[in-house]
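Going by the order they are written in, the chains are A, B, C and D; count residues from 1 in each one.
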Amino acid sequence: MGTLREMLANDRFAANAGVELLEVQPGYAKARMLVTQNHLNAGGVCQGGALFTLADLAFAAVANSHHKLTLSLNACISFLRPAREGYIYAEAFETFNHPRAPFIEVRITDEEQSLIAVLTSSGYRKSEELAIDSLE
Amino acid sequence: MGTLREMLANDRFAANAGVELLEVQPGYAKARMLVTQNHLNAGGVCQGGALFTLADLAFAAVANSHHKLTLSLNACISFLRPAREGYIYAEAFETFNHPRAPFIEVRITDEEQSLIAVLTSSGYRKSEELAIDSLE
Amino acid sequence: MGTLREMLANDRFAANAGVELLEVQPGYAKARMLVTQNHLNAGGVCQGGALFTLADLAFAAVANSHHKLTLSLNACISFLRPAREGYIYAEAFETFNHPRAPFIEVRITDEEQSLIAVLTSSGYRKSEELAIDSLE
Amino acid sequence: MGTLREMLANDRFAANAGVELLEVQPGYAKARMLVTQNHLNAGGVCQGGALFTLADLAFAAVANSHHKLTLSLNACISFLRPAREGYIYAEAFETFNHPRAPFIEVRITDEEQSLIAVLTSSGYRKSEELAIDSLE
């Protein structure tokens, strides 16, 4: 078997975008991404999909932190400030740990702790055990 | 000046993900993306951020199709079916063309016309004219 | 036993708000509400909660139209135009009929078919059979 | 002129549902509602529209707490636990105070501080001054 961290390292799209998982505990996870020229949209700011990719990895870490396979059913993301080049961080909190339908909140901030985006998501937790023996 | 299509070709993150704008008219846009191994998450299906990136470009095309700079304030995406390798398509409809606060719906489908995801988004339209002289 | 219509007549909050179920079929439902002085907010237009109440009954009708108890996990509502006094209508479509996690879209319009609001919702469908023997 | 509290007392739908504004400050508001038999849906728990009505008044209080007319463009509400008879509370936080597009979060809890629902909303703030001279 292995760790949740190792399993999530197989998220190729997140890895290609430069997303790194910093920490995962039951009910909490933190990830970061270095925004570069390659993350920008036509307006010269970080593309919404790049922000979502970062948030999605943090979601996956926290949602699966109870060793049960959990998918995202939907996500509402609000874009507050543009993100420019440099590190941004996503902190994910499992606000409601429910056996079938957990609720997760993710907050994206920049190096100055300014809030960039907020995402809320309803998960769908399966009864299937994840093939991991620890988180980190 | 130039076209909206040329302007959106500067979306580096979408271009790197393989998103192609197929069509843009006032109030309607269509884009596609070839899902490859590079788009997959740890579960072996297309990452939510990759789907969002495709939808975001289609959003940007339709939201800016009236030659006014328009940003996304928020987006709600619902994930219905996993997307696997192959082409997927995003069609964006400006359901409500408002001078300040338009509302846009995006539907993502696969080659078999199965619905993969639905995204709704509130835009914020500025009074600033885009530096384009046509859409395509 | 009885009908889904009879069961939903026990929604006291919707009934008090004047919501009437007009039609329910598998995967489709329509309801209406007469907006009166009693539905207005401080700005003199129909309160968001009144619109939501109408949409929620239409959601409940369509979500339960397969005779399985189905709850709403979340809902995203976008307010496009203010609703004033007179009838407004909610049409609910089960866009994705999934045994556990269906997806439903509701469109609220006025007498002139102008779109007032759009709601999307992820449901959570239980395995429990509803104690009904027909829809209408 | 008058107070924001007096202005919001004209929200007839919220008043009829028993919503009371407890507190309003710049960037923060709190309201409560007594859930009775009249607020229940067909499943015997508080109807989603009743929860939304409570949240909407708290939203209106905080969104207008800077003396500028502010509307809700959209709202995403996640239902975590059923609310039963008794008082429930909505606390609204203006997470992002932007001159045109503020972002507000509302948390609904019961008497035991259990989280019932979470709502996030993008507002649209007009340049129009409210005809009030204070909040309370």
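The rule we apply is simple: contacts are C-beta pairs under 8 Å (C-beta built on N, C-alpha and C of every residue); 3 or more make two chains touch, one makes a residue touch a chain.
Just so we're clear, the structure is a prediction, and the values are computed from it rather than from any experiment.
The pair with more inter-chain C-beta contacts, choosing from A-D and C-D, is C-D.
The chain with its C-alpha centre at the largest distance from the centre of subunit A is C. For this pair, subunit C with subunit D, the centres built from the Cα atoms lie 21 Å apart. In this assembly, the C-alpha centroid of subunit B lies 32 Å from the C-alpha centroid of subunit D.
Measuring from the averaged C-alpha position of subunit A to that of subunit D gives a distance of 29 Å. Counting only residues that touch two or more partner chains, subunit D has 73-74, 76, 78, 120, 122. Taken in their complex, subunit A has these residues touching subunit C: 73-74, 76, 100-101, 120, 122, 124.
Here subunit C touches subunit D in the complex through residues 7-14, 16-17, 37-43, 46-50, 52-56, 59-60, 69, 71-79, going by the rule given at the top. Interface of subunit D with subunit A (complex): residues 76, 78, 80-81, 95-96, 98, 103, 105, 115, 118, 120, 122.
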